[in-house]
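Before any comments, here is the structure.
Just so it is clear, A, B, C, D and E label the chains in written order, and each chain counts residues from 1 on its own.
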Amino acid sequence: MRIRSAGLLAALTLTSLLAACGGGGSTPSATGAPGGKTVVIDTAFQLKTTDPARMFEPTGLLIDRAIYDTLLTFNGSDVTKPVPALAESYTAAPDAKTFTFKLRADAKFSDGTPVTSADVVFSLNRVKNVKGNPSFLMDGLTVAAPDPATVVVTSEKPNTAVPFILPNPALGILNSAVAKKNGASDAEGADKADTAESFLNSQSLGSGPYILDSYSTTSQVVLTVNEKYWGEKPAYAKVVVRNVQANVQRLNVLKGESQIAVDLSPEQAKGLDQLQTVNGASPNVFFVFTNDNPEISKISSNPKFQEAVRYGIDYQSLVDLAGEGAVQAPGVVPSVFLGALPGSDGVVRDVAKAKAALAESGLQNPTVKLSYPSDVQVNGLNFGDLAARVQANLKEVGINVELAPASVQAALETYRGGTEEMGLWQWGPDFPDPSNYLNFLPGQLVGLRAGWAEGAAPALEELGTKASTTVDDAERAGLYVDIQHSMNEAGPIMPLIQPAQILVAAKSVQNVQSNALWLVNVRELG
Amino acid sequence: MTRKDSPRAARSPWRQPLALVGAAFIVLWVLVALLAPLLAPQGPLDQLSPKLLEPSAQHLFGTDELGRDVLSRVIYGSRVSLPLAFLLVAFAAVLGCAVGAVAGFFGGWVDGALMRLADLVFAFPGIILAMAVAAALGPQLRNAVLAVVVVSWPSYARLVRGLVLSARNAEYVAASRLLGSSSVRTMLVDLRPNIAGPVLVMAALDVGNAVLLLSGLSFLGLGAQPPTAEWGAMVAAGAANFDRWWVGLFPGLCILTVVLAFNFVGDTLRDALDPRTARAIRG
Amino acid sequence: MTALLEATGVSVDYHRRGAPALRAVDGADLSLARGEILGLVGESGCGKSTLGRAVVGLQPAAGEIRFDGRPVVPLGRRRRDPGMRGLQMVFQDPYASLNPRRYVGDQVGDGYLLGGTSRPEALRKAGELLERVGLPADAARRYPHEFSGGQRQRIAIARTLAAEPSCIVADEPISALDASAQASVANLLVDLVRELDMGLVFISHDLSVVRQIADRTAVMYLGRVVEVGPTRELWSSPAHPYTRALISAVPRADGAGVLPVELPGDVPDPARPPGGCRFHPRCPLALPECSRDDPPLVALRGGRSVACVLQTPGEPVRPLATRRKDAT
Amino acid sequence: MGALLEVEDLTVWLATRRGPRMAVDGLSFQVDSGEIFGIAGESGSGKTMTAMALLGLLPHAARTSGRAMFEGRDLLAMRPRQLRDVRGRRIAMVSQDPSTSLHPMLSIETQLTEHMRHHLGLSRSAARGRAVELLDTVRIPDPERALGAHPAQFSGGMRQRIAIAVALACEPRLLLADEPTTALDVTVQAGILRLLHRLRAERDLAVVVITHDLGVMSAVADRICVMYGGRTAEVGPRERVLTRPRHPYTRGLLDALPHPEGGAATLRPIPGSPPSLGEVPAGCPFHPRCGYAVPDCRTGRPAPVLVGPGHAAACPPDPLEGDA
Amino acid sequence: MNSAKQPRGSTGAGRRRPARPGGPLLWFLGRRLVAAALLCVGITLVAFVLTQLVPGDPAAANLGQRAIGDPEVVAAFRAKYGLDQPVPVQYLTYIGNVLQGNFGLSQQSHRPVAQDLAEYVPATIELALFAIVLSLLVGVALGVVAAVNRDRWPDQVLRVVSLGGVSMPTFWVALVAFYLLFFKFGLLPGGGRLDPGMSPPPYATGFYTLDAALAGQWDVLSSAAGHLVLPSLVLAVYTVGMLMRFTRASVLEILGNDYVRAARAKGLPERVVILRHVLRPAMVAIITVAGVAFGSLLSGAVLVENIFSWPGLGQYAYRSAVNLDLPGIMGVSIVVAAVYILINLLVDLLYGVIDPRIRLT
C-alpha cells in the first residue's frame, strides 16, 4: 500500500518535472498567438474592480481606459489638453457652469448597439449615485440629455475642471440597457440597489477597442479585441495585464516574458539597454508639512522654524534619491499641469539661512516628530527613505527629527485629523487640473491637515477663490503661479519632489507613452 | 551494556563539531551586536557615500540605495534581530511554560480550555496570525514581536504540559508526594529540572525560528520599518534590483548564519537529551 | 492484635474513554501487623500492584483502608496528611523511582525536610541513612545514574526511611535487579522490618523469594485475593488450586532437570472476567457450580483464608487432589 | 559426534565513547545437535553479546575475533551476505520480550512467512500452509485466523509461542533463545520451557538458552556455561554445575537464590555488583567479590581446568573442593 | 516559528494514541467533528476580535483619499459591509451567513469572499501538495540514509544539509532561486501559474494541473506543472530539512527496537528490513510531521507567493490583512482552520492505515 502510493507520487512528480522542462523553454513572444499579437503588461496590481462606477485604483484605470470610452480623453502623455472621444465636440459656457457635448454618431458598444446620450446620462449618474470611490468626480455636476446625440453637463459652481474630469476612465460610458438588465441602477439609492459589479467584473459593457476576457484581482486580467469597435482596430489582439512585483517585472521584461513593465523605479530601470525606457513625469508630488496649529506643536507652528525647515531640506539630494527622471517639485502643482512653476522657481537649500531662521525662532535644539506611512510605495519610492533623508538634512541645520512611521491606515488617521507635528505625504491628483491643488490652501482639505486654518493667510486665500472662478486658461495659469510663489515664501507646506513615472518596454512595442492618469494607454500601443 | 551508560553521558553535545561551530557563531554574533558601534565603519543610517557601490575595500559589502554602508547596516542589524529574538523566545517560553504547567497540573476542564486555546492558535499558520496582529496593531517591530509571541507560546505549553503529565505519574513524584511534599513543591523541586532541559532545547531552536519569522514579517513590510537596519527589510530592499546583489545577499547570509548557529546547537542538544523527550521537541 | 494496615473490600476501577471500566482490583482484603512481612503474589495483571498503590493512597479506590486506625485518603492535589508519613512505598523500577536530575542526598533528605527538619540537618541525616543502607558516604553528592540498580534500590529504600515509616509497601522491589542484588536488597528489607518493627507488604511475582522472607502470603488472581495464610503452611499445603499451580510452576535450580508444571490457558481480560469463580476456566479441579458461584474469601482453621468451594469455612485445609475426577 | 557449533576463543569489543571495550573475552564452548546448552550470568556478563556475535548482529562498530564454526563454516569470518543466508535459515533467534520482538504493525502471516519465502523461495500459499502447521506445532489455537491477526491481539505467552514459530519457520539447526521466558509469568514460562524441550526432541534441534535464571537452566539445559565479566567461569553438565559448583561465582549465585526447601534462613547475596562494560578488573574478573580470593587472583588469568567429566571451571585453586 | 509546532500528540507516536475500544471510529469521528466545529467558531471569534482591535478603519483602507472625505460615501460603504451595526450583531450576522455558506463580501476585491477563496485556495493547496510530496520523497529518503549511516559522514553531511534547509529564510531562497533558475539560467518557468497569455483550464477543482488534465488541455497541463516546480522547490527547502531530521530521529528510534533486530535475525535483506520493518512504524511520526509541515507550507506560501506572482491564499491573506478586509481575514482564517482540521483528520486516519493496533483495539 505504502510502496504503491509512493510509486504513484514519484510518477506524478516525474511527469511534472518533465512538464517543467518542456514549459521552461517557452517564452511567449509578442507575436505568437493566432489571430493577432499579444502584449503582456506587468504591474503590481492595485485593482479592486473594473466596474467604472466603483473603480479608482491605478490598475483599474489602466484597464478601463482600454474597455470604456469617455466623452473626452487625453492623447499620449499630454494631460493639459482634453481631446474628443465619444463626444466629437463640446462647448463650454463662459460662466464655466454648462458644458454641452455632441456625441459622435458611429460609436457602438461591443454588442453592436449604438452609444446614445441616454447611456452617457445613465453612466455618469450611476457613478454619482453608487457612491463608490470615484463618485466625488461628479460632485456638483448634473447630466442631462436633451436629445440622443447631445449631453449637457451642468455644474453648481463655476468649474473649469469639467473637461479635465470627464476623461477619467471612471466616467466611462457603459451599455445602459444591458447594465440595467444585470442589476445596474443610476437612480438615487443606487449605493444599495446597484448589484451589477460582479457582472461588470466578468464582462465589459463598453464601446472601447477591448473587451474583458478574464478577470482576477490577483493574477491577471486578459483583454481581447472588440470586433465591433467603431474606431481603428488596435495593434494588439490580446492584452494580458499581470500582477507582478516590481523586481520581478524587471526580470520578466528583460527575459521577454512580458513586453511592458509599469512599476520600475529609476534605479531598477537603469542599464536596460536592450529595452526602451519611457521616462514620464509622475503627477504625484511628495511634500512635507510642519503643523501650523500651535495647539498641536509650539515648535512646528513657529514660522521661523518653518522657514528653517524650508531652507534646511536638501531638495537636490532628495531628487538624487528618487533617481533619474525625478525632479524637484517647485510648487504643489505638478509639472505636467497647467499653471505649474518652472523648475528654476523651486526653493534652493540654504543652510546658513536655515540656521539663522532657527536661531531667530528662539527654539533651542528643537526635536520634532515626522510622521509618514511606512508600508506603501509611490512610484517605487519609500516614504521611509525620504524621511530618513529629510532627517539627515535637518540634522545639519540643528533640528532633530524623530521618525514616526506607521501603517498607512494608522497614519492616514492622524494625517486626516491634522494632528501630526510634521508629516511626509504625497498628493496624487484626482484629475489633471490645477484647481485640484486649491486643496492645499488654508482651511482646505490638505491645508487643514497641516493645521493651516482658514484666515491664516488671507491674501493667499483670496487668490485661491479667484483662481477657482476664472475660466480663461492663461489668466488661471498666472493665478496658480502666484499662489505657489506665495506658498514657497511662507507657510507650513513644502513640496519636495515629483518622482519619475517610468515605463520599460520591449523595443518591439511602438508608441509607448506614459500618462499621468492611466499609466499607459493600451489602445495606442503599436 | 549497563544502563549506566545513559545516552546523555554517552553523547555529550560539546563533543560534536557542529555544536561547537554553532556555539562559536552565536558568541560571534552576540559580540558583534554588543560591539556594533566599534565594529561598524559607519552608522546604520549614515548616508555618506554614493549609492549602490559594489563591494570594495572601502565598503566591504558595498552600499545600498541610499548610499549607506551595507556592512555597517548588517552589523547594526544584529542589534535588532538578536535581542528581539531572545526576548521573544523568553516571553513565549515563560508564557507557554506557565500555561502548560497550569494545564498539566490542574488537568480537567482547565487543561481542556487551555489546550483548546493552544489548538486555536495552532490552527492558524503562524505567519498569518502574525500578519493579522501586525495589521491590527500597525506594522512595527514591536507589534511583530508581539505577534510572534502570540503564535509561539503554544509549542511550549504543549511541551511542558506533556512533560508535566508524564512526570506527574512518575514514580519519583509519587515517592515525593508520599513523603508529604505538596503538589506545588513537587512541581518546583521535582519537575522543574526535568522540564528545563527540553524547554531549553526548544528555546534554542526557537531563537532561530524567531529570527526567521521576524525577518519574514519585516520582509513583507509588517515588521521593522525603513530606515531601521533590519535584515529582513534589507533583503526586501535588496530584492528591488537583483543586479545589486550585495544589497540583499549579505543580510540574507546573516539570517542564515544566525539561524543555522542556533539550529546546530539546538539540534545537538536535542540529540543529547533522552530520545523520548527529544521526540516531543519538534524539529 | 490490632492491624497496622487494614484494607477491606478494596476495589479499583480504571476508567477508559469509550470503553467499559476495568476493575483491576475487586473487593480485596488485606491486613498487616507491626513487624510482619506480608507477601502479595500473583501473575502480571492480577492487580497486586494496583492494590499496593491503593493501600498507600496513590490510587483512588473504593472500600476501606486504614493505617494505624486512621483512614487512608487518596492523594489529591493537596499535600499528604502528615499522619500518613508512616506509610511509605518502594517502587519496582529503581531507574524510574529516583529523580534523574537531583542529587541523591537531596532526594533522601526530602523525607526529613518535609518532616520539619532543617535543611543542613536533613542532609546530614540523609548521609547517615545512605550509609545505613550500605552506600558510600559520598553518595549524597552524586546523581542516581552513577549507581547500579541494586544501589539505586537501596537509595529508594533510604528515602522512605527518612520518613521514619512504620509500614512500607514494596512493589516488586527486587524484580528489576540481578540475582545477587536481589538477595541483598531483600535482606536489607527484612533486616529493616525486624530492626525497626515495621510492617512490610512485599509485592512480587517471584514466589520463591516471597516464600523465603514473608511471614504470611496473599495470593491474588484477577483482582481478587484468593488465598491468604502463613507462608510455610500455604506453600506446603496450598488450599486454592491456583496457589498450587503457581507453586508448581516455579522451576528449581536443583539440577534435577524437572520441567515445571504448566498452567494451561491465559489470564482472562480483566475487563471481562469470567462469571462464577474467576479461576474456573483454567482450574484443573473445577466443578460445575464453579462457573456459577463466585466463592468469597473465607477463613479456615490455622489462620488460613481461601476463596474456593473445595474448602469448608472453619475447617482445616483439605488437601487438593491432583485431577478432577478425584476431587469429590 | 561432531559439534554443530564450535566456538573458540570468541572475543567481542564494543565501541564506547572511551574507545573499544571488551564485552566477551575468549569464550569457548560447543553445542551438539539436539542439545540444549545454557549460558547463565548476570547482566553485563556478555551472554547476549555472545549470541549477537554469532548472528553478526552486534551493534555498529563492534569487532570480534576467534572462531565460531557452524556446519563447517566460520560464522565470524562470513561476509554479511553469506551471514544473511545463515540467519533465519540455519540459525534462528528467539529474544526476551515477545511484545517487542514481534513487529506490532505487521500481521502474523507476514512475520511468519516473509523469511520462508525469502530463504526457501516458497510461494505465498505454500508459505501460508507451512505457517498454519507451525502455529499448530507451537499450540496456537485456530491458526488460520491467527495468521490474519496482529501481535497485539495475543497474550504474552501466545506471542512467545508465535516468536518461536517464526524462529522455526525455516527449520533451523540451531536456535538461540535469549532470555526466552524472562518477561513471562511463571505459569506461562513453564509452558514455553516445555515447548522448547519438546521441539528439541522432535526436531533434533540444538538450542542455546541464555538466561540469568538458574531455575530455568535447571529445568531445560543439558549443559550449562556460567559467564562472568565476559569470560567463562564454569561450564559442565547441568546436574554437576548446579549441585557441585566448582567456581565461587556459581556457588554464590546458587546461594543467593531462595533455598529450595524454604526455611527462615536469610538469603546470601554475593557482595558487590557485577562489573559494567569496560570496568572488568584485571586478573580473575570475580576476585573483588570472591570470598576465596588469593593474591594471585588479582593478577593471574585463570584458564578453565577440567574438574570432572565435561566439567571445567576457571578457578585453579579449586577452593570449593572441601565443600563439594 | 510555526514550523516549530509540535505535532499533536507526537510524543511517542503510536504508543500515545490510546486504543479506543467500543465503536472506535464513530467515537473518534464524532469527537473530531465536534472539536472541529468548536475550533472554527473559536477561530472566527479570534479573527473577529482581532479585527475589532484595529485602530485603523476599513473604510479608510478601502476608500480613496478623496472618497473618505465624503461622509455619504463612507456611510454607503459602512452600510454595504454592515459596519454600521453593533459589533456583536455583526458577529452573529456573520456566523449566520457562514452557516449558509456565505462568507460575506470582500472589501478589497469587491467580490464574495467565497468566490475569492474558491479561486485562491486551490492555487495554494496545489502548490503546497506539490511541495509536500516532493519533501516527503526527498526528506524521507535522505532521513533514512542519515539514520542508517548514523554518525558516519553521510549522516554528518545530511545533518548540515537539513539544518541548512530549515535555517534558510524562505523569502531569500525564493529570490535567489527565482533569479538563478528562472532568469539567469532559464531552467524553469517564472512567476504565475501559467505561461503569460495562456487561459486557465475550465474550473472544476481549481487545481490547474488537474483541471487541464480533465479538459484534455495538455499544453496547459504542461505549463501549469512547469510553473509549479520552482515555487514548490523553494517551499520544499524548509520542509525537506524538517522531514529529514524527523525521519532520521524516528528511524533511529525504530532501529533500536527488538523487532528490527528480530527481522535482521531472520536473514531478511537490509532493504526489506528498512522498508517493511522500519519505515512503516517510522511513518507514524513522519506523517505527523508531514501534517505540520503542510501547515508550515501555507505560511511559507505567504512569503513566496508574492515573489512568484502566485495568485494564492497567501497573497490574498496578505492583502486582506493590510487592507483590514474583515470578511477576507475571517474567510482565510476559517479556511486555514479547516485545512488544519482536515490534515489532522487525515493524519489520524493514516495512523489507522499504518498501525493496525489503532484499527483493532
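Note that in this section a contact is a pair of C-beta atoms (placed from the backbone, for glycine too) under 8 Å apart; a residue touches a chain by one contact, two chains touch by 3 or more.
Note that the coordinates shown come from a computational prediction; the quantities given were computed from them, not determined experimentally.
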item	value
Fewest hops from subunit D to subunit E - one hop per pair of touching chains	1
Far-end chain from subunit D, centres as C-alpha averages	A
Selected interface, A-E versus B-C, where C-beta contact pairs are more numerous	A-E
Centroid distance [mean C-alpha coordinates] between subunit E and subunit A, Å	37
Rounded Å distance between subunit C and subunit D, as computed from the means of their C-alpha atoms	31
Whole-Å gap separating subunit A and subunit B, where each centre is the average of the chain's CA atoms	43
Chain centre separation (subunit C, subunit E; CA means) in Å	53
Sites on subunit E at which at least two other chains make contact	54-56, 179, 183, 280, 306-307, 322, 324, 354
Subunit C: positions in contact with at least two other chains	148
Residues of subunit B whose C-beta touches two or more other chains	2, 4, 9, 135, 138, 222, 239, 242
Residues of subunit C that touch subunit B when the two form their complex	56-58, 75, 77-80, 82, 84-85, 87-89, 91, 93, 95-102, 107, 110-111, 114-115, 145-146, 148-149, 156, 159-160, 162-163
Residues of subunit D touching subunit E in the complex	55, 57, 60, 84-89, 92-93, 95-97, 100-107, 110, 114-115, 118-119, 150, 152-153, 163, 166
Touch list for subunit E against partner subunit D, complex	14, 150, 257-259, 261-269, 272, 276-277, 280-281, 354-357, 360-361
Touching residues on subunit E, where the partner in the complex is subunit A	54-57, 60-70, 72-73, 76-77, 79-80, 108-112, 119-120, 130, 133-134, 136-137, 178-179, 182-183, 186-193, 195-200, 209, 221-230, 275, 279-280, 283, 306-307, 309, 311, 315-316, 319, 322, 324, 353-354
Contacting residues of subunit D [partner subunit C, same complex]	42-43, 155-158, 185-191, 193-194, 197, 212-220, 238-243, 252-254, 256-260, 262-263, 265-271, 273-274, 276
